[in-house]
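Let me begin by handing over the structure; questions about it come next.
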């Protein structure tokens, strides 16, 4: 089963066409273990059907590359823009997000046919002389599809992990559980630090506007928080102590009846954890995953420490390993100084979400190879936890 | 395509085993035109995934026949009772109805395997000496599966008819549209009429308790209301005149933005109707379908007439043809005199729904052959209209 | 404290003007024990602020009598129709029911001023020569105000009884608790019974259309069910036994966390009951009150009996005492044969509610003297229980 | 009518007791124009009944000063803690916020009695020797009551301004409308700025942790945005152009049907604005008020500028006048470096709200004299707009 080895095989110097093809087939490889039925369902609004991800990433290329740059290109199916547009208001009406799981058609086969068609047209297009703007858009499309690859995997986990039969996704899925030793405090001196993307490589617009920030002295943990801390937090009644929580978090805990991270099941007094390989005992040495910002905050409070800001994280990140869990930071998702939205539909990519969300830094076991970087800004609403989300302490 | 011919082929004198087998395969034949994805989705709570119907009707036989009567029978899969129990509280926990569409597993293939297994065990069982009580339960199971066959078809129609691609179910589906001529008034003299099931044949418990009712003189239409009346009602602003509606119906119209029957689409000033063969112009001669009780009442008000009671319908039914549309009556669904629920789980079949619903009489194009009879009492909440529901006028 | 004696003082032969004046002042007498703040709040949608009842019953006379029949009458305040119209769609826009408790103005004093103004104009009008139609409308207005007097008292009970301070309404409120002895079965022979209003006296349109019904033999209890039965039902786990409930009722019990009648509080293992005089121990001999139709049905199931139909109740009512509790019947609220709505706004009075509700017969301690009669049809949705609702068994 | 003159009369050097008494009577003076009914209602969850504010600010003193520091003090009424606790989880159960408007009792008179009792006990207490900690708590109580004075006025505006009669609060309310001329850009050089409270005076814990921030060069408007800009924004279709809005803001606009600021009414093509003096034409020269963060952001987008951060605002504030409107900033409400919650119930004052809210700076016409300062951090959820909220542009 070759899904996750593959990520190391594509050299950075690969051509755009090579990287496109590799990205396109990686999405399909991720779906290889699925049964047709798994492609269709949407158990909660935040989780999209795998079929939809496959179609939507394809539509993105059709809409932003083939339609504007390939003379005479006619769309594969005129209704697909309606079905597979995610949220681009500039591009017309769309299926409401909560209804994606109501659509049995287009069929899975139909979507694969759509993918092949668009991939082929793109490859043909890239064989010719390609304007720089189009190259940039293909690049955006690749990174866009990589983002959806992570969602694909976390959505699959949600679909299977909330099925009463708890079926495994694969015997050799991506969830390795490194045994983490004891974390140490890394001391970072205060001063001026440069924040934001630098250099030639690809980045999203929300990373641009490199600027200096002034930080005070701080310490940051060398390792993320492990399940051991969560087990102790639970044992100490952490989910029942309002003083550890934000008011909003406390409401969430009570309204939703939360008493453990997502995918944790108590069976005969033992905590089990649903992984892509099926149910397994919670490993105290493994990094904690699937917690909301509220839980990250409460856990840090309980430990007597705090979350780092996204600037502290970026300033310190060379000094520690990261990439196994997205790490909640104490920073709200806001524009960097001088941020301006791109014109047109791509301007809707990031900017319009810059309110009411929190920044996560790092990457996770589900992030495609080469998709993250030290300046990458991931963001989610504070109650969400179906991504591989954890935390790192600071003080 | 043999689905709907089949219904005429089974003689009444067929053995129980023959009828069981025929019923079991008819459910599967109904699903033959589906793609795997169509089996899975649940666009609204009332509509169940076809896969679920196939599994649930199977579980019913396993639970009520195989488990109690076949010594040493072990269930096909221990979690299936949880997945496929519909509402029998006596039989333990179950998947909440609204969540049926979140389940990608068991797969369609898995469900067919389950069906084959249970059908085979039932056939083996029926080859031996079968206690009378078990025969009765097989009989109930057959009628139960027939009820679900109708739901299967109406749920499939909803799934496909609410897909933005509006795919057809089949080129030769069951929706024929007889051209109805002008209805005539049939005069029925007042007096005593016997109501309720008589004789040896199968019926549900809600038809029992045959009793006399006293009716006044009345007239009832020889034909159901056609689309022509609905077109006129719409043209006359019927959906915007509160005086024609129940208060509850008027709230429903406004809250849901109702302005035509279900499956009606206005395209370029013309009314189109989604049928199992795809979108077609509304045929003014065809019997009206897919209306709620509220709409039936408002339409009758607008015509200056009324709905018949279920007793009037039953008393008069020999004088007119019926079977194309379920006909809303003016009667609430209540127990007949002397009605007692059966003991045990089967007691949950009908009795516990006898509040807040209205009775429909007759049958529809989607009702399996032999499933209806003059005393049959169908019932739905007044806002529902995804069945083939129409009305017949009285005065 | 003269509120409830007063009801016996008005002889049937009193003039219309006398009865009008008496009715108007009775509404005000009912509010005498209130503090200004009590007039304003609306803890749930079904409960209206007392101030609103006082204004609405006044608006009714202004709208249906003064405006059409008094030449040159100009309305007291042009916005009051908007504020005090309840549901008459024919009469224009209105405050949405759920928002009545948001209105601090018009003030209580303003409403009393409005009442005085309208009452005076009505009295002047009745001194002159009054067309028969206007007399009828004054009559309707009196009965309308009497209906609201009952709601006034039950809404006041809800407002005070859901306040954490549990204040008493009055030391000598209307809730007497007769000690009921053991009920006996009254045998009623089957046959033809006349149902519906007869004679000259006032009745609502839903009682008209006197007609014969055919009833079987039945027995009906001489007394309503007492608190003792409810105490036993609770002790026997009645609220946790799904087999006793309608499916809809069982959902209601679980969704709302119902475990006793409304106003019952368990304190130190004893059941207390909030009355208009304050909290008191539940008296096992007193007739049960404040239960929903679902609870009435479940309690009857548990006793092994059933609710009478409204026809059985009417046929038998001379043989037993009634009037202390509204008695849930097994009948849905539907039109009598030949029922037609009145033209105009008054046509909205009853007819548009004839769906999804159940009939109650009798009267209650809160019903104004002379307001009920054997053919009176009260109706509520099956989950409501803030009226003085109980039940009588049949078999 | 002396309410708003009073604010200039209390010299800074007044004793604690003087200031306490002055604060207590100011709350009552604010309510002087109310009718009893106005004290009771709660039209939306965010708006509390005036009666509740009067009781809650009193309870705060009783709970945090009298109970711990006055030997033998017994509470005025044992149920008041339940009724008047706002959100202090450490202090036990409380009335759910949404239900405050359901409580007709304690009566307004009862609450005034409660106020007098507690104020007297406090004054007696302050005559003796008072521990420093108690002084601090009285100080907190004064500032707490001042915060509620602003809410009292904005809640009263909401209660009256959403009444269909649109009654005025007072002929000489606090809403003056200065004629603003043309704004100018104030240039602020980048560099290090000190942020946070300094010195001896009172501040809330969220202002502490004075620290340096590094800002780039920026310009900030000398005046807040006026109604003229909003009128132009509306005329230009600003409420219908999704590209100007956050995704969340756009959902809000569509879900709530927003098309103008709160309290704006279009009458015969003219925009009217409900003020505390009643309905008045929108004055184009007056500072814009009653907008959400979403609207502030969209308006700034439409102008081609942006909101200042709270740090830019604080760094620049000496160069411009402020105090007429709370000004939305681009900053999320987050803790300053080193922020720790106070121990005990007071720790719930600010810290637990530091998620999902945005910071406003300045003060408004409704802010009590002496309650604001350049480091004051006000905060609200982005959709709220019943405060006097406006914006100032930056670039």
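A, B, C and D label the chains in the order they appear, each numbered from 1.
Everything that follows uses one rule, which is that contacts are C-beta pairs under 8 Å (C-beta built on N, C-alpha and C of every residue); 3 or more make two chains touch, one makes a residue touch a chain.
Everything quoted here is computed from the prediction, not taken from an experiment.
The minimum number of touch steps linking chain A to chain C comes to 2.
The contact pattern of A-B recurs in C-D, the pair among C-D, B-C or A-D where over half of the contact pairs coincide by residue number. For chain C, the chain whose average C-alpha position is most distant is A. Centroids built from CA atoms put chain D at 45 Å from chain C.
Mean C-alpha positions place chain A and chain D at a centre distance of 38 Å.
Shared interface positions of chain D, defined as residues touching 2 or more other chains, are absent.
In terms of which chains touch, the assembly is arranged as a closed ring, every chain touching its two neighbours and no others.
Across the whole structure, chains are in contact as follows: A-B, A-D, B-C, C-D.
Touching chain A in their complex are the following residues of chain B: 35-43, 51, 79, 82-83, 95, 99, 101-108, 159-160, 162-165, 167. The touching residues of chain D, when paired with chain A in their complex, are 87, 89-90, 192, 211-214, 216, 242-243, 245-250, 293-294, 297, 330-332, 334-335, 337-338, 347-348, 352-356, 358, 382.
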